[in-house]
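Accompanying notes for the structure given below.
In order of appearance the chains are A, B, C, D and E, and numbering begins at 1 in each one.
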Amino acid sequence: GSQTTSNNTTSSGKVPPMVLSVDPGNPLYSKNWNPFSPNALWGQAWIYETLYYNDAMNGHQTPWLATSYKWNSPLQLTFTIRKGVKWSNGTAFTPNDVVFTFNMLKKFPALDTNGVWTVLKSVTAQGDNVVFDFKTADVPAYTYIAGTPIVPASIWSKVKNPVTWTDPNPVGTGAYLVKSYTPQEFILVKNPHYWQASKVKVQEVEFPAVSQSANTVWLNLSEGKYTAANAFAPNIYKTYLNKDPKYRHIWFAPSGASNLTMNLTKYPFTSQTFRQAMAYAVNKPEVSKKGEYGYSPVASQTGLTLPANQSYLDQSLVKQYNYHYDPAKAAQLLKSMGLKKNSKGQLLGSNGQPITFTMIVPTGFSDWIEDAAIIQGDMKALGITMNVQTPSVSTWVSDMETGNYDLTLNFGLNQYNPYFYYESNLATSNTAPIGKNATSNYERYSNPQVDALLKKYAASTSLTQQKQIIDELQKVMLTQVPVIPMFYASNWNEYDNRYYTGWPTAQNPYVTPTYNTPDAEMEFTHLAPRK
Amino acid sequence: MTSVLGVLKPFWKNKLARTGVIIVGIIVLMAIFAPLITPYSPNNSSFAPMLTPSAHHWLGTTQAGQDVYSQLIWGARQSLYVGFAAGIASTIVGLVIGLIAGYAPGIVDDVLSYLINVFLVIPGLPLMIILAAYAPVHGSLLIIFVITVTGWAWGARVLRSQVTTLRSRDYVAAARFAGDSMWRIIFREIMPNMISLVAAGFLGAAVSAILAAAGLEFLGLGDPSINSWGTMLYWAENSGALLQGQWAWLFAPGFLIAVLGTALVLINFAVDEMANPRLRKKG
Amino acid sequence: MRYLVRRGIMLLLTLWSAITLNFLLPRLMPGNPAEVMLAKFKGKGNMSPQAIHAIKVMLGLNNESLWQQYLQYWHEIFHWNFGVSYTYFPFSVTHEIAQALPWTLVLIGVTTVMSFVIGTGLGIAAAWKRGSLLDSSVTSIFTFTSSFPYFWFALICIFLLGFETTVFPNSGGFAATMNPGFNMAFIGSAVYHSILPAFTILVSSLGGWQLQMRNNMIAALNEDYVVLARAKGLPERTLAILYAARNAILPNMTSFAMSLGFVVSGAILVELVFSYPGMGNLLYSAVSNEDFPLMQGIFLMIVVCVVLANFAADVINVFLDPRVRRGGGEA
Amino acid sequence: MAEAILKLADVQKTYTRKANGQVQKVRAVRHVTFDVPRQHIVALVGESGSGKSTIAKLITGVERADAGAIVFNQKPFGEWRRNMREYRRHVQMVFQDPYAALNPLNTVRYTISRPLANYRALKGSASDREIERILETVHLTPVKEFVDKLPFELSGGQLQRVVTARALASNPQLIVADEPVSMLDVSIRAEILHLLDELRTKQGVSLLYITHDLISARMLADEIVVLYRGTVVEEGNAQEVARNPMHPYTQLLLQSIPNPWAPALEPNVDLSRLDRTSDDGGCVFRARCPHAMKVCETAVPTLKSGAAGQKVACFLHHAPETQEVAAP
Amino acid sequence: MALLEVEHLTVTYGNVHAVRDVSLKLEPGEILGVVGESGSGKSTLGYAVTKLLRSPGQISAGRVLFEGQDLVPMAERELRKKRWKDIAVVMQSGMNALNPVATIRRQFEDAIMAHSPMSQTKMRERVAEMLQLVNIDARYADNYPHELSGGMKQRVAIALALVLDPKLIIFDEPTTALDVVVQRYIVQNLKMLRKRYNFSALFISHDLGTVLEIADRVAVMYGGKMVEVQAAGELLKNPRHPYTEALLKCFPDPRSEQIEVLGIPGTPPDLADLSPGCPFHPRCAMAMDRCRVETPEYISMGEAGVACHLAAREVEVGQNG
């Protein structure tokens, strides 16, 4: 492959434009800058800003459109709004814009995809502050409130239906403005009136549409057509890094754990011992290495995202429940349950029938399908027949929601705060009887103690208390094994620092390199052309 | 064995068909004796992933560390199975509907012909993709089913018109005079005279089934844990085989599909010539 | 013209059933499209029941009876309104189709016509010089290429011509920096981008036409009227074209019209592999995103086009074949 | 004269033909009346398209008449219709093209065994014995040499014998032979004609012999019925009709037969009106008739006894009836 | 000089020897009838003369001299100039011999344009004239073949053959598929045309009656071989070959008191069989031992000739005595 970037060096020291491969396009872009739209152009993350920047990976908080926040009580949260910020059309940004934005979400529930109004009572401006009153205590909701993009009241108040509005000429507070747009590429240019303009050094950013065909993305990546990308690519070392090892780099920041989710209403997953055996039996390192190409590290059974959540980890517990790959231990646990194998080597369940179950993995998730094949082999080693089926995504989703499955893999959450992981996976409120739609607790775990813990956490503003609760929840994960965290999904991120420097790295993880709404601007206040 | 040779004899005389029969034969043998001629199990993933071809791995290894050569040989089974099963299934459906439509006059024919027409205007591949995408269970049976559902109409149309001509043949009328029942007439007088057409239809259907199956599997709509040429292409594509210099991995399965397809088409030429004497070239 | 009227009625019937099938198909599918859409909206957090309801209403995912939905469906069709695409929300299905259609029409349309013209021409030549080197080489090469899995050949082409040597762009329909429009630069870029996909389509589809035409032509060459024409001492060209080919091509016109109708569905695999912004790609993304309104819209387009193309074939036949045009038979 | 095994009375048949979507009406059989006496051979003679095969189809029940009566064995066809099996057993057919009338994939044995099994419940060795007997009847001897052959191994004449054998297998009373020799070479025609004659004398079957060849009709038949465009124009004793035809059309037929033996006698037939047809009332032949009169345009001549015992439908031989003149 | 001279012509279709060592001569203005049963090689002979054999037909031996020039080795380009202008063909069924997608006029005009181009108006006149010749209204010129009846198409085919006033016309069963009346009409028409245009013709038919009526001389073929040639009148009265004799019995005089048709028992020979002996011997009532082992030579006697051991002896006896 040629190294096109190297040809672009000019003696005048002018740096070639930054090219970011983040937005899929399908294969063409649809011009939709509406930050609330599920199909918005990714570029809106450089235009619209949030109150605070909360790093999903390490929990770092950076004041953004708000300068500070404070919990007056678990039922009242106050943000102090930054002064001197201007919308890109020149009008001033005020607390009213924040109030307007949240009230718009209330008026148009379809926009409120994070459901902040399920706990909020009202949002009001008080001088430089915006006050959020809660119906029910939900301290963690801060993350969603702080992460909501703020839009200008002056413009959005005139929009009849902001749900279907495509916001053709976006006006935001962010670091960049739209310079040009074609169906295959848009270019953003630095907003000279940005409130922290001095920190923004990259003048222009090009966003070519990333084609649907993975192969062409890889070709382009390999050819060095992108300054940075967040694309999955097989054998990244060979196809990308080694072609220009000096400048090309990757940092696949781990995000939340993907879980092997068992249907706890079905035998044999009803048995805690059996689940523990499963946790020993699945060869996570192999899944990580072969199924996930070695990009996604093995996850801790605690469900904590490591190493980011290292501080939460209860070392003594982990020592006690060390779920590493150990088929012998698994077999021993099964034996302790009184399960025996028949002459064909099949493991018999309590009813005397061979144990079989089916793992469902959505069509097209090729890495998961490979993972399933590995797990299939692990089960076979125990004498268990595991079938693999690959239904369509919608069937998979609805099967999980209604509990019509035995075993599956499921995404984790990309959130620093472990509360979200536990809440979504363990809370009774997030599950439902078989046949009814569960929200996120698909394994259908229900435990009043855990519910109480979660509730206590939601109402707590004390860090020590919160940590205590997380300790308790870790213990539940380790002893009861409601789900089996398999690996930490990676945030794919490749970059080339020949012309631009300041990229986040494992050593300097100042931002999760995802180019989501708050992250993109955080990163671009650090990047700069190489001098 | 002699009867098999007897069936193959007319092909043997035709140079093209002979080539086709030999190639298909080799691939069939390859499939049958896969365990003997492959060094490893196709699912044995204990090797280093993504090795380029070497003495140990003639065609390299996959991203999961499986031997590509072994997969290729074993894959013949699946591709032959799906191709032939779907070919047979759609031929049978086409044959039954074509026979009934062609033989039964009036409303039955009208309704069936109309059905055939409707299925002809429905775009095949898109429908296949949709059916395959939403089926709860993915696997070869599904692919066979989908190909059958979308592929029977062509055969039915051809066979229907053949039946309508055969039906008006004097010997069919004569059989009626001889007191034969409708079913006997269909199966003793009409069917045997359509064998070459049915065979041609089957071969055509098998070729398109093999290609369609490969396409569906390539899109990930098959069962990717099954070992077939289509899934090999799927994994090769999804693992960036070409980018990593894994030429053989991507090239070989596609090439074998093309070779198998060509061989079947060659046989089809001969069958076609038998069905259509005008194409015949004596001597 | 009675003939055409009859064909017209048949066509309307076919159309009706195809459209109805199009209505029923997604409703017979397992899984719930609403869930997928909601999953997309849900993103990272929890959604209130109100929000879910709001979205459902917005997307028209209501719980009317099937019959009501069917009437509604026809109503919408007559208003050229296929609803909102789930994938490209808030854009309408019509908008998305309008964006993708020109690409497909041009790329697949042109290649289909080229494939037919070249394939037919080669078929004529091969039959005319039956047994010659030309015949055997053309016939065997195209027999082989027509058994290629399209996408496989496309991948190899991309890799060789779009990556190892960057002779052609490896994806897309036009240069990224351009806005579609009627100017030379854009058209040039579009043509440049279409060469490789067109080539792969041509290579794998030519063979079919070539073989079909060759067979028909061989049959025609044995007809008495061709022998007589030869006896007349007509120039070879007149003989081959006006007598043999002119008659041999008639049975191919229907297939050609059919394939022109299917142009609208694009060449899914090729468009996917090349990330070509056409209907095939759109259809595939509709399918993989379970975007039923979009899928229905596209299917409807395809079926209408195929049926119309069939009708066009009948009309063309009326012009090409005097036996159809002037009614058959003595008396 | 023997009793009639088959009677046709004023039979009519009109086809609606859908040619490329256009509906055309073809009056294939207009008003046809004639008898086939028991053990007689009646020849139905006419040019192509005159409706000969249509009549055969009506008689054998392949098609249904629009009007008129067909009576077989004193029982109207309507009654037979309820039991076509029985009817078919008695009324068999010999087809024109022996190559087409035999399934290329079935042996002679199979072909002949079918009616035996279906109509006479003969199976196994009984069937084989009967097959042997029938093949001997049609002179396909030695039987062993032929019985297991496939059609492609036999010559046209032999095939036609097989076809005849099959028709004989059910012991029919009437055989309708639709141009049984026209596809065969002249040199082998005679054998088949002799065979048919033999069937009548030895097996006692009646025969409706359909042909366009006046000479073979004269050779084989007892009576000749001449058909022109779906109407009987002349009918009577075979020798009379074939040697001294009264109707201009029959005369034309006779004159048209090449006659190198008597070149002097060779008439110069006026054929300038060959391409003309008329289908608008009046005599169907008038457009081509050299003797056409005014009355022929308005009235339809009916079949009436003529001088030499034959019946003829022509105003040259009997004046039109007054009411017919008045007809539109 | 004879217009057409065929010398020792042998034509094969693969291993089928359809025409075997046939020689014949055709004088200007003469009509030579060729009769024989189906498969005896009549058409093959006709097409070999014009070099229009269908694949895999091949002239494997012999010469075809047209006006002294051998057509067999002649290049296609040369040949094309002779076709239609010098040698025209009328095929069995007009239905299939006319291009279904071209008007009648068009089919006349492309023959004219290929050989002797003329102006549009002249061409129109010529087409009308030719159609009139076969008694077809000139307005049919703008019709398509399927719109004409079988007899009309056959007459169009004849007119088409005459359009360039050729020296030789090959008629391959021009009347076989037609009704007697139409057949008669065409025969009359041909006789008239012949008087007017004085063409030579090879008139192929299995209908001995018609051939005898129209031809000056008649050639009888059997099993790919020429078995007898005689002037029509002679042949009728005095057939020399037993096959000719038997064939004549199949065509009785329609006016005679008593009609008895005698067939020829047996089946025609297999043309792939090359074993020696007279091809007719299995069916010949007068076959001798010699006939089974020795193929009789075709003995030419000027205008006539015969290939029969029996006849040869008679000839010898006759000549000697």
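The criterion applied here is as follows: contacts are C-beta pairs under 8 Å (C-beta built on N, C-alpha and C of every residue); 3 or more make two chains touch, one makes a residue touch a chain.
Note that the coordinates shown come from a computational prediction; the quantities given were computed from them, not determined experimentally.
Counting steps between touching chains, the shortest path from subunit A to subunit B takes 1. Distance from subunit D peaks, on a Cα-centroid basis, for A.
Centre-to-centre spacing of subunit A and subunit E amounts to 91 Å, using the average Cα coordinate of each chain. Mean C-alpha position of subunit B lies 51 Å from that of subunit D.
One finds 32 Å separating the Cα centroids of subunit D and subunit E. Spacing of subunit B relative to subunit C, judged by their CA centroids, is 23 angstrom. Among all residues of subunit E, those that touch two or more other chains are 55, 149-150.
Counting partner chains per residue, subunit C has residues 30-31, 155, 159, 163, 222, 272, 284, 288, 290, 323, 328-329 touching two or more of them. For subunit D, residues touching at least two other chains: there are none. Of all the residues in subunit C, the ones that touch subunit A in their complex are 30-33, 35-36, 39-48, 50-51, 53-55, 58, 84, 87-91, 96, 99-100, 155, 158-159, 162-163, 166, 170-180, 272-277, 281, 284-285, 288, 290.
Chain contact summary for the complex, subunit A toward subunit B: residues 214-215, 218-219, 222, 233-235, 238-239, 290-291, 293, 363-364, 366, 369-370, 372-374, 376, 388-392, 394-395. Within the complex formed with subunit A, the subunit B residues making contact are 43, 45, 49-50, 63-65, 133-138, 220-221, 223-225, 234-235, 237-240, 242-244.
Those residues of subunit A whose C-beta lies close enough to touch subunit C in the complex are 1-2, 26-28, 30, 32, 34, 37-39, 108-110, 112-115, 117-118, 144, 163-166, 182-185, 208-209, 211-213, 215-216, 219-220, 222-223, 364, 391-395, 397-398, 401, 413-415, 424, 430, 439-440.
Those residues of subunit B that touch subunit D in the shared complex are 169-171, 173-180, 188-189, 192-193.
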